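Pasting a structure below so you can have a look.
Going in written order, the chains are labelled A, B and C, and every chain counts its residues from 1.
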């Protein structure tokens, strides 16, 4: 991508990309700037509104929660949790989906039959309920949340990859590679895989946003990360009990989540437009 | 080669003595708004249609013939508008009619059938409903009565087992049967004018002949004035009385079919006739003239045909020819029509 | 057509079997001893052994699985140890509130989605069209549980015009139903808008105009009917989503449906109820999907031909 094409991108692209970049930076660097310690409490500072000066002289720009924690630190730590879960889940789910989608799309036949059938059966099970069931049975931990969410995501990636693989499987350049004696593994890696990547990337972007919402939902229900770790979902759940006195506890993490998910959604749309040559014609 | 309707030439028309002029188009111009600016798709077209008469408008795609046909029903696309001229249906100027006034004309006085009957019929409604709708919406006929009328109409246009097929959807019919349904629907309310936009282009050759025969029958039976839009000279020869040749948004030549086919007076018409060696078969298309039709956003100076014309001279580049009458009912838009006539 | 229905029915049965198996695997095969979970950490080894035998947990997994399938076919999910009644009964008692929530969410979605989609299509590319599309984008991205909390913050705490938790009145239904509907309103609106704009360009619309039909008839009888076919089939899927996604919204508003029951039962390891809830919800979901496909075949006559 040249500088010229970057400057010609629509405004919302810049805004969305800027937002995502800001949140990623905050998630990575945040704990250094505003350390979050879930065990520390500060009763005299509890439920302070945004902008208050705390007992130790610092300013709580986003207010404090019911035990006197600085909400900014909590939101930054939650960002890190959210981002970690989403990225790792999409990497695992995407990796498994890529592998199975390639196998199903390239070989067809019984491998496609089994993989597609299993996918159909799983999709007939509402994905949110599956995540709740798995996370609930496995117990609260970040690894378990990632497992539960990755299990619900792989089908989506596998379907995307299978579709692309099917579309190129019978193209000339694949045939000629086969005639030249290339092994199936080599054909998949060098000929099929590259054309599967753009749609996979679009799906992955969209799924990062959806996974962040899913993680927050599980934590909100108390089935996500343990309470010793910050999560937007659990912060919102706690804030629900203090809506009358401290609305910011529930509002701020949700706002952060909403912002980043909308920004990721816009990026996904832009990527889809960019990877689909047909849209340039219209 | 052509079949003249006995009424038009022999028997007295219904208002006694004079021919009934159903349609009079005078100086019609239609422009499209495009990104490049206005595109003049129809540039000053004049013609008329009498009762029991068929006028064919022939031309390449992009010549403005379909837009002209749409303008006759007030149905030009939303990006287009009529910028000049008048259209009179049964003596009444219809340019500038309101939506409500148009609705009273469409179907009642003037009707239209289209090229592809499958896409022109609503896929999710039964053909019986779509025909009966004419009576129900225009006349307020009751459901059962309208259904009976629809069955009668379907039988009249030659759909076998009509009563039983009322409740079938369009996809259940063959192409020819679908076009019969379209004709039944168009003629439901006994309009005086029928506009047929490429009515047989999407059909098989044998089915084409059946549909053309049906159209001729209906013209005789209902004293219809008909306008057939076509690029197919064979179809035109079999069904039309008079022909108007359109090029680049203008009518370059009009006359009876024998006159125009026998002795073309415009070099474009001559080119068309030479491109089709034998007119016996249908499906002969207009492709064999060298060059491309002009860009109507920037039409050529002078005569718009001059870039492709073998007879073009200095005058053709500078001065646009006006339509002039060669003999009664026969007009041509060419500076050197006499040379073309001699040539032919 | 019969072949199509038959094949689709077989597929639905396969999916139901798959769903039962997924639940079985999650609850019985994954690590975690139900007996220990039920009795707690203070239980003596004797008590645990006795309970395991009682629950049939000592048998090989395959035996347990086959027995479980038999139980499910007889709609026997066992006893709920928390509620002291059959797990299925505990579930069915809670099904009513969940369904009424889903139905009202559906009403909101259909009314608002159709209104906004139709309006946007008839005024395509106007400022209001753009506003509708931005709103729908944001509405789809926002986490529903947070929307619910914010709505109750505004309408229940702030303006004090609506109750924030279930009290059996219609008013208490409004917030949860709207929360559940919101993401889908924008989604349906976009679907309706694109559908209408596509249909408006079809040839049959020109025919309908040439027939002298009024704009209203052209739009509502001809265009909308063809737009409805794909949209109506989506509504069944929506209903399934409302039942499944209702879980979180129910928790937010303390709605006494199967969603809160499911989350409570998971927290208290009342697995008989978890099984019953998930099986019931999933069967509803699969049956709705099945109905959608059959309805589609009925509404779009062209489908029948292809499958004939």
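One rule holds in what follows: a contact is a pair of C-beta atoms (placed from the backbone, for glycine too) under 8 Å apart; a residue touches a chain by one contact, two chains touch by 3 or more.
The structure presented is a predicted model; accordingly, all values stated were derived computationally and were not measured.
Chain centroids computed from C-alpha atoms place C closest to the centre of all protein C-alpha atoms shown.
Ranking A-C and B-C by contacting C-beta pairs places A-C first. Inter-chain spacing, taken between the CA centroids of chain A and chain B, is 60 Å.
Separating the CA-averaged centres of chain A and chain C is a span of 23 Å.
In this assembly, the C-alpha centroid of chain B lies 54 Å from the C-alpha centroid of chain C. Contact residues of chain A toward chain C in the complex are 117, 120-122, 124-126, 128-130, 132-134, 136-139, 209, 213, 216-217, 220-223, 233, 236, 239-240, 243-244, 247, 250-251, 254, 257-258, 261-262, 265-266. If you check the complex, the residues on chain B that touch chain C are 73, 75, 99-100, 102-108, 111-112, 114, 116, 119-125, 133-134, 137-138, 169, 171-172, 182, 185-186. Chain C makes touch with chain A in their complex at residues 11, 14-16, 18-19, 22-23, 26-27, 30-32, 137-138, 140-146, 149-150, 152-153, 157, 240-241, 243-245, 247-248, 251-252, 262-263, 266-267, 274, 278, 281-282, 285-286, 289.
Within the complex formed with chain B, the chain C residues making contact are 202-204, 206-215, 217, 221-222, 225-226, 229, 299-302, 305.
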